[in-house]
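Each of the next two complexes has chain A plus one other chain: chain B in the first, chain C in the second.
Presenting the complex of A and B:
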């Protein structure tokens, strides 16, 4: 009793502090149960989908879990949404029948009113190889959720996202296992594993939603577009300097026999991947690489049957105006200056000739 | 008929045919070659379009190349096995005098010499053009062959040889174009007295005046013979 009294007598500062602490405590106690009550998803979770052993027998002895890791959902971009925002056909709880399959396009369409972002037009997906396969009824064809997950959708910038740069190969590799293994062995996969985030991942070459088969002219992998696709990074001076990779290769290719032919639609001509291969791209110093000097005869031999080790004698991707081109640089310079001198010489010569004729005519008069 | 209007046969039919084949093939080669060289520009795109597209451009180029090679061989045979051709060729051989004539002409044009050098049937102009062109055609045929039959040459030549062939072909081609327009075409089209065209390439004939002015030695020789 004495103690309490002395507390009360401790002056206004202590008094205020005690009152504040008390209030915070009360608010906290009052708020805690209220939150789970106010979360409208609470009812879905509390009785059914929040229980880890909540499952359904889909066939005798076969069960399918109907549990939802709500913590994951609350970490997703849809954390503010209610279950029934998407599962719109659930009107009473417990719902008497299995809810219809939902579709992302319920919200993610141009002009939607709930503010769902539409960064990539869904039409792109519909036109893509995946969308077409889905339309044909291929059970393995991926749709949105195959890459973006169902309840744990996170933005691409989030390192936890399935579509975060360094995770993309793994996400695609979920179906394309062999390609994933090849990719991890190649220079891009190796760099990514070392944490080089700007190294090319699947989507850099294949695109994401507008992913077309390589023989489709719209595809980033169509023979006409391959060089441009590679140039997105391999023409980026700053990025290539950071990585210590030569940057003029694509430019030189476009000026070469092969590049010119491709540009004018002769598609049987070689493009980048014809020689460098694609998923498992290796350095020329790697004996396994198709562009290793010892393998060049075979690589060029795919199209040029007479190719021998001779093809390794010389530089590749040369730009005649660049001293790096060696003998070709000197020949180009020789012709450049010869042509300029001949041009000037001949023009002077014409004037001289005219002057001579003029003098002859005057002398004749 | 005044003596000035008398015409002399300067270029025989054989040579006129050879010149015509050469002119046709080289014109085609230049137009199709330029199309490739300037493919990035509107001019190049236009040329490619009128040549029937990219592949057709290449086909015309190779057809014209075959025509040029045929003409070259024909010319060789004409020089080697025809009396007239052999005589013409012997007069076409370069002599030290030709370089002196060239120097004298330059001095004369500059007003440093009174007399214009007297030129023969083939003066330094004709000879320089002939030999420069023969040399360039040889280079173009050789470098062109490497590219045309690259698949065959793959077993023979190192990779850099193909790059060299391309650089030489483009460089020499440009040089030929400049020489043709600024020298040959100036002489036969634009130089005073010739405009719009010196028809001798077609008729083979030149006027007595032209013979006297441009080839005085030949004129004098002919007159001594009483022609």
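Presenting the complex of A and C:
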């Protein structure tokens, strides 16, 4: 910078040299911007927030750190921003009082001029359980920063992001620790731990910004929507083939009486989670699973009081036209061919009768 | 005085009137008929004669029709008991089909519309079970009916026999024109027998599987789960077969057949005309006549029947 500034003092005599020096200076600035001591945020960091031991006593003996890991900030989506872009009430340094809480909507609103991307998400959040709790003044209610962090906001594709697929359970688990533990035991959690990124994480079922309570008809967890929510992955033939999971259950459930009842709004009927449970979904071969043959009587017994071990005798999620359905397949085939042959006979008889009538009528005329 | 005057006046009036009439008559008598008068009178008389003829014709027609109706002897084909069984079965089946098909085709738009109109799946379910109750009731009723003398008689008539197969082939030959002889049916043709026995099959499958589904909680305690799966599949598939058989086959024979359209009322009124009796059930008709002969109480209009019952010209059958 100094080099560039000096150009103006030197006058016209050394202009050519000055321009050369200036160019070198610009290139130098371009190449090493982070190391520049002239970072506009420099003053905030140099004097206070860049020092790891910078803290504030909030109660006698209790401290709160006011240190900011600037490297993290520079890796975030907001790396181009200045501290004061968000902390707009800081006008003099050092600032005499604690800056006001900032909010993401300061920039992320429709029609903003700083180019902050706006999606429907903040609006959805307001309607969500988290947003509603926040509105009620629940101190534990999460807002944007709870999941997206404050200074280290990264896009969800970034493996370092708190909202990266494999990190989401941990992020949610920050508050929902018990659910997190259950999830990790379940098939989805296990798969995720093995690095299967397409395994379901919290947001796949709960969705993230439009996260409604399960009794809300808009919720992806509302009894009417559960099957559709699971089907987002379990109806995806390619994905299920990749994972070696059968894909027919979605169709079979839709055709079952349980599925039909739910389809027409009779919600007192089993949906996927009624039997499979949810956070800790386990394979039927796992003795802890509610769908393990030994546990089926109890699982079905939640609704069907007389259920005994009998309920384990027979296949589940059957599609009658599929030979996998066993005896039901043969029953369906029997009726199919019976219907076809009987109807062919009857219709043939009808046509013969009609033919006879018209033939005789013509002969009579 | 006044009375004298009043009495006198009418006399005068009458006298004048009679005089006027006499004059007029004289004038009429004196008037000679010209051509136009003759023509007028002629057309008037003709018109009157035509009207009279028409009146007589209509009267004759009416009398003839009444006579024909009287000649058209009606027989009781189905007892009230049988008619009641049929109507309950029919209403029950319609209720079951109407509320059952939307479940089978639940993804279709019309099914969604149906449930919306009827007030939801649960209402439809109740209607379905009302229909089911009617079907079961009529099934039990019919079984008990078979223990009565009348029921046994009908049942024996409904038993299949070799003649039915011969009748079937004869009918096919007749349809195709290889034979001019229409098969001679008894009380029940093979078509009617088929319908009767098809209902047995349908009732056993539908009621059996239906009860499993209706009382699935009890069934779950007693039978393996795959019993319910089978019941569900059989119920759904047999329902389709029965519906198609009723709509295509039974309705053709009872409604849409060109000789029967719009419908054959016999199953509802129980009555069948002598004409239809002779064409459709000649053997039964003969049998009836023989029975009447044996009883010595011959119905007047039925005396000449045996000979005509034997005849079954193509023209006659065509009108069936």
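The rule is simple: the second predicted complex is superposed on the first by the 314 of 365 C-alpha atoms of A that agree within 3 Å, B and C clash if a C-alpha of one lies under 4 Å from a C-alpha of the other, contacts with A are read in each partner's own complex, and residues count from 1 in each chain.
Heads up, the rule we're going with is that contacts are C-beta pairs under 8 Å (C-beta built on N, C-alpha and C of every residue); 3 or more make two chains touch, one makes a residue touch a chain.
These numbers come from a predicted model, not from an experiment.
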{"item": "Combined model on chain A where chain B meets chain C, clash or fit", "value": "clash"}
{"item": "First, second, both or neither for A:357, with chain B first and chain C second", "value": "both"}
{"item": "First, second, both or neither for A:226, with chain B first and chain C second", "value": "neither"}
{"item": "Touching partner for A:315 - first (chain B), second (chain C), both, neither", "value": "both"}
{"item": "Superposed model, chain C segment overlapping chain B, candidates 2-10, 38-46, 56-64 or 218-226", "value": "218-226"}
{"item": "Chain A positions touched by chain B in one structure and by chain C in the second", "value": "257, 260-261, 263-266, 300, 304-308, 310-315, 318, 320, 325-328, 331-332, 335-336, 338-339, 342-343, 346-347, 349-350, 352-357, 359-360"}
{"item": "For the chain A and chain B complex, residues of the former touching the latter", "value": "257, 260-261, 263-266, 300, 304-308, 310-316, 318, 320, 325-328, 331-332, 334-336, 338-339, 342-343, 346-347, 349-350, 352-357, 359-360"}
{"item": "Sites on chain A touched by chain C in the complex", "value": "254, 257, 260-261, 263-266, 300, 304-308, 310-315, 318, 320, 325-328, 331-332, 335-336, 338-339, 342-343, 346-347, 349-350, 352-357, 359-361, 363-364"}
{"item": "In the complex, chain C residues that touch chain A", "value": "103, 106-107, 112, 115, 120-122, 172, 174-177, 213, 216-218, 220-230, 232-234, 237-238, 240-241, 244-245, 248-249, 252, 257-259, 314-315, 317-318"}
{"item": "Partner chain A, residues of chain B touching it in the complex", "value": "36, 39, 48, 53-55, 105-106, 108-111, 116, 147, 150-152, 154-164, 166-168, 170-172, 174-175, 178-179, 182-183, 186, 191-192"}
